[in-house]
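A, B, C, D and E are the chain letters, set down in written order, and residue numbers restart from 1 in every chain.
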Amino acid sequence: MAMLAASDLTFGYEDAHILSDVTLSADRGEVLAIIGPSGTGKTTLLRLLSLFERPDAGTVALDGEDVWALPAEERLARRKRLGMVFQDRSLFSTTVGANAAYGLTVRRPWRDRMSSWLRVRLGLDETRLRELFATLGMAERVPPWLSRLTVEQTVPDAAREALATVGMAERVDQRASELSAGEAQRVAFARALAPDPDALLLDEPTSNLDPRNTALIEDAVGDARDRDIAVVLATHDMDQARRVADRVAVFLDGTVIEQGATDRVFEAPGDDRARQFVEGELVY
Amino acid sequence: MAMLAASDLTFGYEDAHILSDVTLSADRGEVLAIIGPSGTGKTTLLRLLSLFERPDAGTVALDGEDVWALPAEERLARRKRLGMVFQDRSLFSTTVGANAAYGLTVRRPWRDRMSSWLRVRLGLDETRLRELFATLGMAERVPPWLSRLTVEQTVPDAAREALATVGMAERVDQRASELSAGEAQRVAFARALAPDPDALLLDEPTSNLDPRNTALIEDAVGDARDRDIAVVLATHDMDQARRVADRVAVFLDGTVIEQGATDRVFEAPGDDRARQFVEGELVY
Amino acid sequence: MDTAVVSLPALPLGPTLVPLPVPLQGLLSEFSLPYLFSVARVTLEVSLTAVAIATVLGVLTALALGFTEFPGKGVVETVVNTGMGFPSVVVGLAVLLLLSNSGPLGTFELLFTRRAMIVSQIVLAFPVITSVSLSAIEGVDQSLRDAAFAAGGTRRDVQLTVVREARYGVITAVLAGFGRAVSEVGSVLIVGGNIAIINEAGQRESLTRTLTTAITIEARKGQYETGIALGVILLALALGVNALGGYVKQRGER
Amino acid sequence: MDTAVVSLPALPLGPTLVPLPVPLQGLLSEFSLPYLFSVARVTLEVSLTAVAIATVLGVLTALALGFTEFPGKGVVETVVNTGMGFPSVVVGLAVLLLLSNSGPLGTFELLFTRRAMIVSQIVLAFPVITSVSLSAIEGVDQSLRDAAFAAGGTRRDVQLTVVREARYGVITAVLAGFGRAVSEVGSVLIVGGNIAIINEAGQRESLTRTLTTAITIEARKGQYETGIALGVILLALALGVNALGGYVKQRGER
Amino acid sequence: TESLGANQSGDDGNGDGDGSDGGSSDVGDGSLVLATTTSTYDTGLLDALNPTFQESFGIQVETISQGTGAAIQTARDGDADVILVHARGAEDEFISDGVGLNRRDVMFNDFVVVGPEDDPAGIDGMGSATEAFDTIASEQATFLSRGDDSGTNKKELNIWEAAGTEPSGSWYQETGQGMGATLNQANQSPGYTLADRGTYLSQQDEIDLVIHVQGPLKDGPEILMNPYGVIPVNPAVHDNVNYQAAMAYVGFLTSPGGQTAIEEYTANGQQLFFPNALADGPQFGQYVPQDFDGSAESMRRAQYRHWVDTIVPNDY
């Protein structure tokens, strides 16, 4: 059963109809590329797949479960298994490390988070607190949860690893607002990757990257596929789609005009407009 | 003499040194492409060329004049001859039309702008005002500037034309915040193009565009060159550089490691790291 | 059945709900309609004028602060923020000492006039409008300032654009300043003198009496209900002004 | 040379500059230091407690409003904005009617206590904190909310992140609320009663007297300079609180 | 010996004569700024009096009701033309400083000791205010003091002094507010307080306090008397004041018409103020300091003796 599946999705904003009858799916260990001209609805589709918007009609299913039929908390639990990278990188105004760690942080229980926040803010850790209790003559009354304090780091290992994957390991302490566009894009990718999601939704993740950094990201996508993650990749770069995608869906005017194995779509597209598009001729 | 010229530019932020000894120039009717890995200082260079930042050392010259040696008003006058498109599109939260017209608006004298603002806000135009004066029995006291009122449109023709160039003519009245990434990028391009500048500074203007829309922009760049505009184009797309640039400068770690005619740089780069970069092998 | 009828008046809500019309009756017997109008007119005239002037000054100051970096900036911001806690009585006293006949500006004979009230309300509204506008202006993305600058905008154009982008916050600032001005009583009491006269027609008419100072008279007399009724009228006026602000805000969204 | 010496005292600035030390002397003779401290302590205790509570309520309300769209939202926002113009005297009267012996909450004997003052200051600070926070929260880019949501954040996480991003504005909101609370006099006078006692040590001590209400006494007495001197002390306290706010703001920048 | 009269203030800048500056020569011009205490304004008395004055003189009266201290300060600063207050000590100082002149008695009423109906200290019906205060202090019953240096507050402190008690403890609470607010507060607390009869009567409907010790109007002790005076501001000190209008106002208040209007003014069905500007016998002096004690002699002789006592050096 497909990890991520959309069937007969229809969606529009107040005064604009965007998507009609979109049916597609991505399985675990599969990369699905979404290609199509600018403004055709790729981003909108990814927003629907990552449960930002509720479809006007049709279903979004994770592992076969219609998510919008689930109660809210269930849906939240499902949503935590997804990772999404936006086209406009949108980093939080904090450090690179905290950005990369964000997804991990919000997945932790509140008590943990608060204790860790306090620890970082007040500069407290186990040793210090034990000393404090000892000074107060209450060494034996140290609460049991104290030992958990030191386990944590300001930036967890998983976040550091994700940053290393995109070549930004050295920049953990830099402010995110000081990054170049390409650097920010890589951090945003690391942020989605760090919690090790079951599915990755990538909206043109290499749009601001040079060939070498593009290759880094593409390698990471390949690794993700090998770790049995389902990847949906919206891209305007035909070559990239060819390189990394197992299957391709071609969008035009908010609907899928062609869908299939990558080679087939590029070599022998069934739809004429799809052929025009992949050959770069389509005029609209 | 070169329209835009940087010589021995050195620049850094408080705690980070970014550019060292950058010397390059773009002539009227010439497209200079800046290529280089992510975070190497391309955007920073464009900010210096468009007079956002003052160099720590070295000069930025327009038509041979060192701009930072000029008094502030003179510099402003020079700056109005430049058009810049940012990597992060940054549209104003208003309509597409008003965004495209922005550069034209700020180039108009204040009296004009205010009368036009009033006219649009209050729904006044010449006919209406003439009627009003007539009703008040002061038909002959109509001020002479009244006839100028009707000449203006909410969105001037130049802005509409620029929008048409990038295929966004139909969207003048849409709110900019509702655009897709690629659409916004095209509007930002139109905004820079509309005032018909002497030089265009483009920071990865097609990063979010599919091949067909990329071609639209590249054609517009070609047209600009034919109209004797100097174009500086930062791009991570080697093919794009090959397609549109007359000359190419390769950046690495904030300095120019290779510079010359496009063919020469791509076919026979003098610098080894430049060769590695254009062939997509450079590891950093 | 009988018990039910009997128990109804014992509802705890009864006594709190019933008195409402009484103060309004009292209000209308004590405050003739023309008098009430004159008090409301003075209130609006003083507060709106003060806020208009404070808005111009405050937004310009906020822009000046938001567009420059200098070593003591944090200190200046703290001082402006502190100004939001300027007690109105003190402002009143300071303005009084300035405008009094024995003060440096005594020759202008401004004490106990609406102009004096406007001056002190400007002093009160200015820091609020400046602080809140400044935080709105600082909230506008640097990239938008850059875009305005890149499009050939002068410093003034960039500032105008930033204010446009921050309009929601700037309007909130103006409304907060208006709230501060229209609700305060300490300074207008002192520098305005809370004067009402009996005019030619034998009608009482406000010269420098605002709704808030009229309320304090009632409070002083123990006429709490009348005071609250006047307060409701004041809030109705304020609601009108705020609705206008909300409308502007909404139109601005376009 | 002689003429120059003679003309100096005639400088118009002379009389305004000279009196400054005099009221301070008067202040210290009239206000014993322990008394002054007790008044300052009551001022800070009441205002800081009220602002702390109003901040929690206000920011939560702002988040609730900033994160939902519903038909009457504009109306609710207008009402909250109007609340910034709530005259403190009216708030005082309303709280008085509630807490008075004959009022619905009379049994709690809260009238003329610091708790009552805190209640009325909460009412005053709440709309200011809500409005200004709301405008800061609305100013946070939608894309950042989306990013927090996309990273698996619950509604609460997203709200927390938005408050973090809007911290500059939220702190301004809190400082504006503090300014409103610490500077107001109308309501604390009515519900607190401005009570000072002579304690066993024969020292005057504040029970419900704040700096602002102490200032009004001076104003009533015509002791304008002493009033202004007390105002300066109040501003010094407010400056301290604001400097703390500025520090938090700055640390938050990291 | 103390120096008398307005001429002792060394105002050398005002040599050009008093009150004769162009604008104020016509009584019918402009307006009159009256600074007064809250008790005259909040009782509604002035609203009843002033229209008649306006009608006959064509002068608009702008009334500023403040505390007595602030009213006198306003006049001292030259921001008011005339004051109507009740604090003899401060009034005398105002006059001896040369800022006010031509004081006239206008009316009087008295102070009363009010408190909760159940009278926890048990002072009801006492004929002596000092005794009542003493009892309150020893019972530690809540007492609310104005604590604002107003006429009422000064009177209260006099009584404590006369009673030989220095009040302290949490039962003795200073409100620092006006009479109306203090009465309300005493009503809520509940507690005792000293009030002027006028304010008490006008507020009687809103509060549950009752009079426990009457003032001299109802056979109470003399210490509780409360006289009001009107004083114009000296135009030689503040040349901007409208002296003509101020004097016209003094004349109006002390005229038979004005006095009758005061007499006829009632609140809650009771007379609040008793006019005393007109005497049955001849009245030659206009200003008599409060410590003047000549009630038994004829006014003219008494005054002459007072002058001799105070002006002529002892060793003459």
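The working rule: contacts are C-beta pairs under 8 Å (C-beta built on N, C-alpha and C of every residue); 3 or more make two chains touch, one makes a residue touch a chain.
Small disclaimer: the values here were computed from a predicted structure and weren't measured.
Novice: Could you run down the chains that neighbour chain B and chain E together?
Specialist: Touching chain B as well as chain E, we find C.
Novice: Measuring centre to centre with C-alpha atoms, which chain is farthest from chain A?
Specialist: E
Novice: Find the chain most remote from chain D, comparing centres computed as mean CA coordinates.
Specialist: The most distant chain relative to chain D turns out to be B.
Novice: Averaging over Cα atoms per chain, report the distance between chain A and chain C in Å.
Specialist: Each chain's C-alpha centroid was found; their separation is 48 Å.
Novice: Cα centroid separation between chain A and chain D, in whole Å?
Specialist: 45
Novice: Between chain C and chain D, what is the gap in Å from one C-alpha centre to the other?
Specialist: Each chain's C-alpha centroid was found; their separation is 16 Å.
Novice: How many angstrom lie between the centres of chain C and chain E, each centre taken as the mean Cα position?
Specialist: 36
Novice: Can you pull out the residues of chain A that are in contact with at least two other chains?
Specialist: Where chain A meets two or more other chains at a single residue, that happens at 88.
Novice: By the touch rule stated above, which residues of chain D touch at least two different other chains?
Specialist: 141, 190, 216, 219, 224 - these are the residues of chain D that touch more than one other chain.
Novice: Can you list every residue of chain E that touches 2 or more other chains, as numbers and ranges?
Specialist: Chain E, residues with two or more chain partners: 76, 178, 181.
Novice: Determine which chains touch and list them pairwise.
Specialist: Between chains, contact exists in these pairs: A-B, A-D, B-C, C-D, C-E, D-E.
Novice: Going by the contact rule set out above, which residues of chain C touch chain D in the complex?
Specialist: 12, 16, 74, 77-79, 81-90, 92-94, 96-97, 103-104, 127-128, 131-132, 134-136, 138-141, 166, 168-169, 172, 175-176, 178-180, 182-186, 190, 211-212, 215-216, 219, 224, 227-228, 230-231, 234-235, 238-239, 241-243, 245-246, 250
Novice: Okay, in this complex, where on chain A does chain B touch?
Specialist: Touching chain B: residues 13, 16, 35-39, 42-43, 87-88, 167, 178-183, 185-186, 203-204, 207-215, 236, 238, 277, 280-284 of chain A.
Novice: In their complex, what parts of chain A are in touch with chain D?
Specialist: Answer in residue numbers: 50, 52, 76, 79-80, 82-84, 86, 88, 90-95, 102-103, 106-107, 175, 188, 191-192, 195.
Novice: Where on chain C does chain B make contact in their complex?
Specialist: Going through chain C, the ones touching chain B are 141, 143-144, 146-154, 157, 161, 164-165, 254.
Novice: In the complex of these two chains, what residues of chain E are touching chain D?
Specialist: Where chain E meets chain D, its residues are 66-67, 69-74, 76, 147-150, 166-178, 181, 185, 188-189.
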